[in-house]
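Labels run A, B, C, D and E following the written order; every chain starts at residue 1.
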Amino acid sequence: MELIVAKYNYWIYVVLMMVGFYAMIGKRNLVKKLIGMNIFQTAIILLFISAGVKHGSKIPIVDKYEALEKGVDVASIVNPLPHVLMLTAIVVGIAVTGVALAILLRIYREYGTLEEDEILEKLGK
Amino acid sequence: MKALALVASLVTGAILLYGTMDFPAWGDPQSPAATHLATYFIENAVEETHVPNLVTAVLGDYRGYDTMFETVVIYCAGLAVISVLRRSRKP
Amino acid sequence: MSVQSSIWPLVAVLVSLLAAIPIMLSDRTPNLRESWTLLAALVKVGIVLTLLPAVLAGGGWEFTIAEVIPGVPLQLRVDAMGMFFALIASILWFFTSLYSIGYMRSLNEHAQTRYFASFAVAISATLGVAFAGNLLTMYLFYEMLSLSTYPLVTHEQNAEARKSGRKYLTYILGTSIGLALPAMLIVYNLAGNLDFTVGGVLAGSGVTPQTLALLVVLFLFGFAKAGIMPFHGWLPAAMVAPTPVSSFLHGVAVVKAGVFSILRVIFHILGPETLQAADLGAIITTLASVTLLVASLVALTQDNLKRRLAYSTIGQLSYMVLGAGMLTAAGMTGGMLHIAMHAFGKITLFFCAGAIYVAAGKKYISQMDGLGRQMPITFVAFFLGSLSIIGLPPLGGFISKWTLLVGAVEGEQLILVLVLLGSSLLNAAYFLPIVYRAFINPPPEGTVNGIKEAPIYCLGPICVTAAASLALFFFNGVFLQLAQQALGLGG
Amino acid sequence: MSVSNLHMYVMSAPLLTAFFVNLFGRKSPAVVAVLTLGSLAFSSLASLAVMGNVMVHGRISYVAGNWAAPYGIELVVDHLSAVMLILISVVALLASVSALKSVGQELPGREYQFFALYLILIAGLMGLVLTGDAFNLYVMLEITSITSYGLIAMGKGRAPLASFNYVIMGSVGACFYLLGVAYLYLMTGTLNMADMAQILPTIGGGAAVATALGFILVGLWVKMAFFPLHGWLPNAYSLAPTGAGLIAAPLVTKVTVYLMVRLMFWVFSSDYLFFTHPMVQSGIVWAATAGIICASALALAQRDLKRMLTYIIVAEVGYMVGGVWLANKTGLTGAVLHIVNDALMTLCLFLAVAAIVYKLGSGEFDKLQGIYRKMPITMAAFTVGAFSMIGVPPTAGFFSKWYLILGGIEAGHWEYVIALLFSSLVNAVLFFRIIEIGYFYKDEHDHGHEQRDEAPVLMQAPLVVCAVALIVIGLGSGPLVESIIKLALPAGF
Amino acid sequence: MKEVRARAEGRKIGESLIIQTAVRILVPFIQIFGLYVIVHGHYSPGGGFQGGVILGASFVLLALAYDLKFSLTHMSERVNLIFGNCGALIFVGTGVLTALFGGLFLDYSALDKLIPLGPIEWRSFGIFIVEVGVGLAVMSIMASLFWDLSSDGELDEGL
């Protein structure tokens, strides 16, 4: 029980991950698959961000001159690295989504539908 | 198919949860993630780059190489969308 | 004399491979094309003969092409055993080339350029097998031989030829990749190198008898060109090829390359003494004996002359393997000698079959009644060839079969003596009726009496090889000496 | 600065050129051609120089931005990555020569878009090879993926559908990989591979590390189309524009295999990988075995040249993964050598296919009758590539197979040995079927000499170079292994 | 796609005067704010990506309120392409430039040889340069993504 309370952030992300993953491989609608992919990525982003949290610390922006003179109190500042990584990951996610949407438009142009079953049916003909 | 997908995602989730057993608790200031690299960045970034926003400092300089490719990624995406969607025009 | 480094072995191997290029380029001018073939053949014989004296004197030649795998270079080495085979192959190539020209032109065959080019590559590969300095190099040329003969087998390009080609490749590539390659790797794993060494590279490597037995079986079947049953099926199928191909490649080069490889492996990789110690000769002799007898029996039932010759070849090949399997000095020598004797005898027979086809258009034995009267020279040569194969004096075949018998007696293997004798009887039973039919039976009524001898290009080589079979009874010193040197006996 | 920047130029040349291609290439394909070939030629030469540097100075640790290793992003230039750099740039150069023609035919007027993506894909692959940072690897992985998605979706007909399938599968792979990295980051607090390798033994192999390893592996397997996660590959590569197949087929899967090797041996220790859970190790070899056999069998069922080759690629991935997981040096040597050889032989075959498609419009078997007489040079080179695939000495393919089989024998994994032999035989059947159709089928209508109708010289030249390279590399594989590949293997393994 | 467009035209979605005017007034402020976010990334949350997205969003807003062609009159596709390329070029070019000036790749302090500001100041300034590059690229790509996706690659009407 303690396990769950102390680490509930992991539980949340895993649940989100499962939702996304299920949508990616289980749904028959191509757009839903894409949405699943986004949920999956969000789950990972949450994991990273939650790893950066330190209780009782604030955002990683310091006063320049004060910092140069006195140094920075490490404990008071949140870990900036996951934020950096996730900025990158978000951008990558956007890029993939954009390309995927473009491809979906092409598919729609070709088959007039985005349901996998219907497309397969048309291909079968 | 759907049942298979459900099982697959449940199994994946279970494995991931199993992996979290070793993890530090949420917000633990002593966790490896919060101590190893992070300490260095917090202590030295301002001094070494004169940028008070640590995220920007790390993003633009320490991990500038990453960021460069991040830009390339988004550039690629734009390019890919154009090349996928635009129809060939007669010159 | 010791082993010297020299580029000549490589030249000997490559000369015909390189000749393939001008042959292909002179597609439109047949005369020029054929002169390339003959030129290359002559050069090749010349080089092999110049290399001979040093080998007879106990020396050798060596050339390393590239170090491809640690401890295993691509290396050519001319030793006694290789020279033995190279001598036969290069001399017979020259005559086959002459014969091919006559045969192909008489029948006005298509795609002659491809034919001659493939032929050139094939002989290059054969010499490579002969001169290979280690197992890997031999394997390389062995594969090259398989691939270059494929277009020859499929030459006709009809459904039957394609089917035979598929069968040929399935057997040959299937066994060489599936069986010989892993066997080679196991040897490499055990010994750390693959050099041919007198006494066997595995001698003293502490190989267990079980592994050794596995290796023997893998190699024996892996070199399926030797036609050990049950991997013999490709040989009768490959008879759809033009006769010069059958005669040279499937009478001499290809099949002998298989036998040669097996002998090489037994003598210089596994080692006769290692095999003896593990008591594994019996596997080889049993397999060979069965093939020998079964093939001879099947040959009896064949009406198509070339197919009968093919089954005869399968049987005769097993003689050689049988000799090696006896693991006695005389037996092994006999096995090697039989390579030479059978080569000259069988090529004569195939040449004759081709000549009959060119001159009379007949493929089946039952059609050959009285043909001997119209084509006396051909059938006399045929008679001599068959006597040699049967093993009667005064022909070359007698020498090798006699040595084999001595080997069997030496090894106190009575059954093998019986097998050898019985099989010779069978040989007689499937060859002599043909001769009888041709000379004694009257020609069937109503046949047009326009059949003459084959063209001189065909007839010449026939006479030479038939004469050679005869001569080998008296002058076989070179081959005997080479065979004994290869086994590390005597000289 | 004593440290050489050469490898950075190798990578940034195609990257910078991509922008210029996109800016100035709209009007004339000639500009595109000059820029592309120029930059790739520069990269090829420079990568050779990088190799020379590495041979002299050993491993070069390069930190982008001049920040010490775990804080900045480390780039690793050692023998292994130098080999890969050469491979990528040379393959890309050869492929692009041919692709220029083929894209000009299939996507007229859109060369600049195609080649901008193409060049970024190459830069991304080089980045993948160079990086020593686990997260940077993810970014690079996505660059290569996004460009491939785009390139593949430029094809006609069903190509977008195949591409979308690839998007989903590729994203699953990338996400799994990122999850693995996240777990490692949470446990070690670092993203630098060398740093991770130092920290991991101190924290022991607990549940999180095992999970991380598992997810990283599965993620990469999806990306490299390791059976049974290969579903996306055959459609994607066979329906893509020919020019895209030319670059993706030889490189993408092979580079991913390289990544697996890099992550396995430079992050996790071989002890941890192979001896903590021996069942896993042999299980993966069995999976590779199954993959090789199934993919080979599937290849037999194809009636189109491109599709057949895609299944062979899947089988070859099984070779390499199996070789790596044999847990001995010979197997690993074989796998690394096979990365190089397989890239070249796949390139050779795809170049030939590109030439055939250029002339005939498709690579269906029925159309191939009499092709040997029409395109003798192309088909001769194709035959060399085919022999290499089958593993006929002295072509390169034989020697890597040699090491792989030897590794299998040493490790006692006979099933893997048998699978390799089986796959070689299947390849023999596959290719001789084509040779038979192309060479020995008489054309029903025309008995005379068929007209020579070769592909353009620009498509033949790289093909011939590639075929010759296969033989040269085969003959030179001894020195190659001794002086480069041996040094490229992880130390202490 | 056609039906959607026809419906949109029929009902004149987006042709609302209130919205159009509001957007007209808002867009310059949005753009200035975007620039601010880019430039002020050193001192507050923000930076190239965030600012670039805001800038891109201003064009998206224009296209939504009016139509696609209108937003193209403000920023033609050609210019947009040049912006995108230049943005990425600035970043990669900076990297190559630092290498050419004898430093390691992306080591901004190496540019000190070009204009002596002091290595650490150059780091700060280098970050600024690349952030501007990122901002340009992201803006252009965001706009381009929207244009292409909303008009199915035809760049005519939009949604």
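Methods note: a residue touches a chain if its C-beta (ideal position, glycine included) is under 8 Å from a C-beta of that chain, and two chains touch if they have at least 3 such contacts.
Not measured: the values here are computed from a predicted model.
Engineer: Tell me, which chains sit next to both chain D and chain E?
Structural biologist: Neighbours common to chain D and chain E are A, B.
Engineer: If you tally contacting C-beta pairs, which comes out ahead, A-B or A-D? Let me know.
Structural biologist: A-B
Engineer: Using the mean of all protein Cα atoms as the middle point, what chain has its own Cα mean nearest that point?
Structural biologist: That would be D.
Engineer: With centres defined as the mean of C-alpha atoms, identify the chain lying farthest from chain C.
Structural biologist: Measuring from the centre of chain C, the most distant chain centre belongs to E.
Engineer: How many Å are there between the centre of chain A and the centre of chain B, using C-alpha atoms for each centre?
Structural biologist: About 9 Å separates the centre of chain A from that of chain B.
Engineer: Could you please state the distance in Å, as a whole number, between where the Cα atoms of chain B are centred and where those of chain E are centred?
Structural biologist: 21
Engineer: With chain centres taken as the means of their Cα atoms, state the distance from chain B to chain D in Å.
Structural biologist: 26
Engineer: Between chain B and chain C, tell me the centre distance in angstrom, where each centre is the average of that chain's C-alpha atoms.
Structural biologist: Their C-alpha centroids are separated by 68 Å.
Engineer: Return the residues of chain B touching two or more other chains; collapse runs of consecutive numbers into ranges.
Structural biologist: 16, 20-21, 23, 31, 33-34, 37-38, 41, 47, 50-53, 55, 57, 59, 61, 63-67, 70, 72-78, 80-82, 84-86
Engineer: Considering chain E alone, which of its residues make contact with at least two other chains?
Structural biologist: Residues 43-45, 47, 49, 85, 88, 92, 95, 105-106, 108, 138, 145, 148-149, 152-153 of chain E touch two or more partner chains.
Engineer: If you look at chain C, which of its residues touch at least two other chains?
Structural biologist: Not one residue of chain C touches more than one other chain, so the list is empty.
Engineer: Can you give me every chain pair that touches, using the contact definition above?
Structural biologist: A-B, A-D, A-E, B-D, B-E, C-D, D-E
Engineer: For chain D, which residues count as touching chain A in their complex?
Structural biologist: 135, 138-139, 142, 145-146, 149-150, 153, 157-158, 160-161, 163-164, 167-168, 171-172, 175, 178-179, 182, 185-186, 191
Engineer: Help me check something: in the complex, which residues belonging to chain C touch chain D?
Structural biologist: 65-70, 73-74, 136, 139-140, 143-144, 147, 150-151, 154, 157-158, 161-162, 165-166, 169-170, 173-174, 177-178, 181-182, 185-186, 188-189
Engineer: State the interface residues of chain A toward chain D in the complex, per the touch definition above.
Structural biologist: Touch list, chain A to chain D: 17, 21, 24-25, 30, 33-34, 37, 40-41, 44, 47-48, 51, 81, 85, 88-89, 92, 95-96, 99-100, 102-104, 106-107, 110, 119, 123.
Engineer: Spell out the residues on chain A that touch chain B in their complex, using ranges where they run on.
Structural biologist: 3, 6-11, 14-15, 17-19, 21-22, 25-26, 50-57, 60-64, 67-68, 71-72, 74-75, 77, 79-85, 87-88, 91-92, 94-96, 98-99, 101-103, 105-106
Engineer: Can you list the residues on chain B that touch chain E in the complex?
Structural biologist: 47-53, 55-57, 59-61, 64-65, 67-68, 70-72, 74-75, 77-78, 81-82, 84-87
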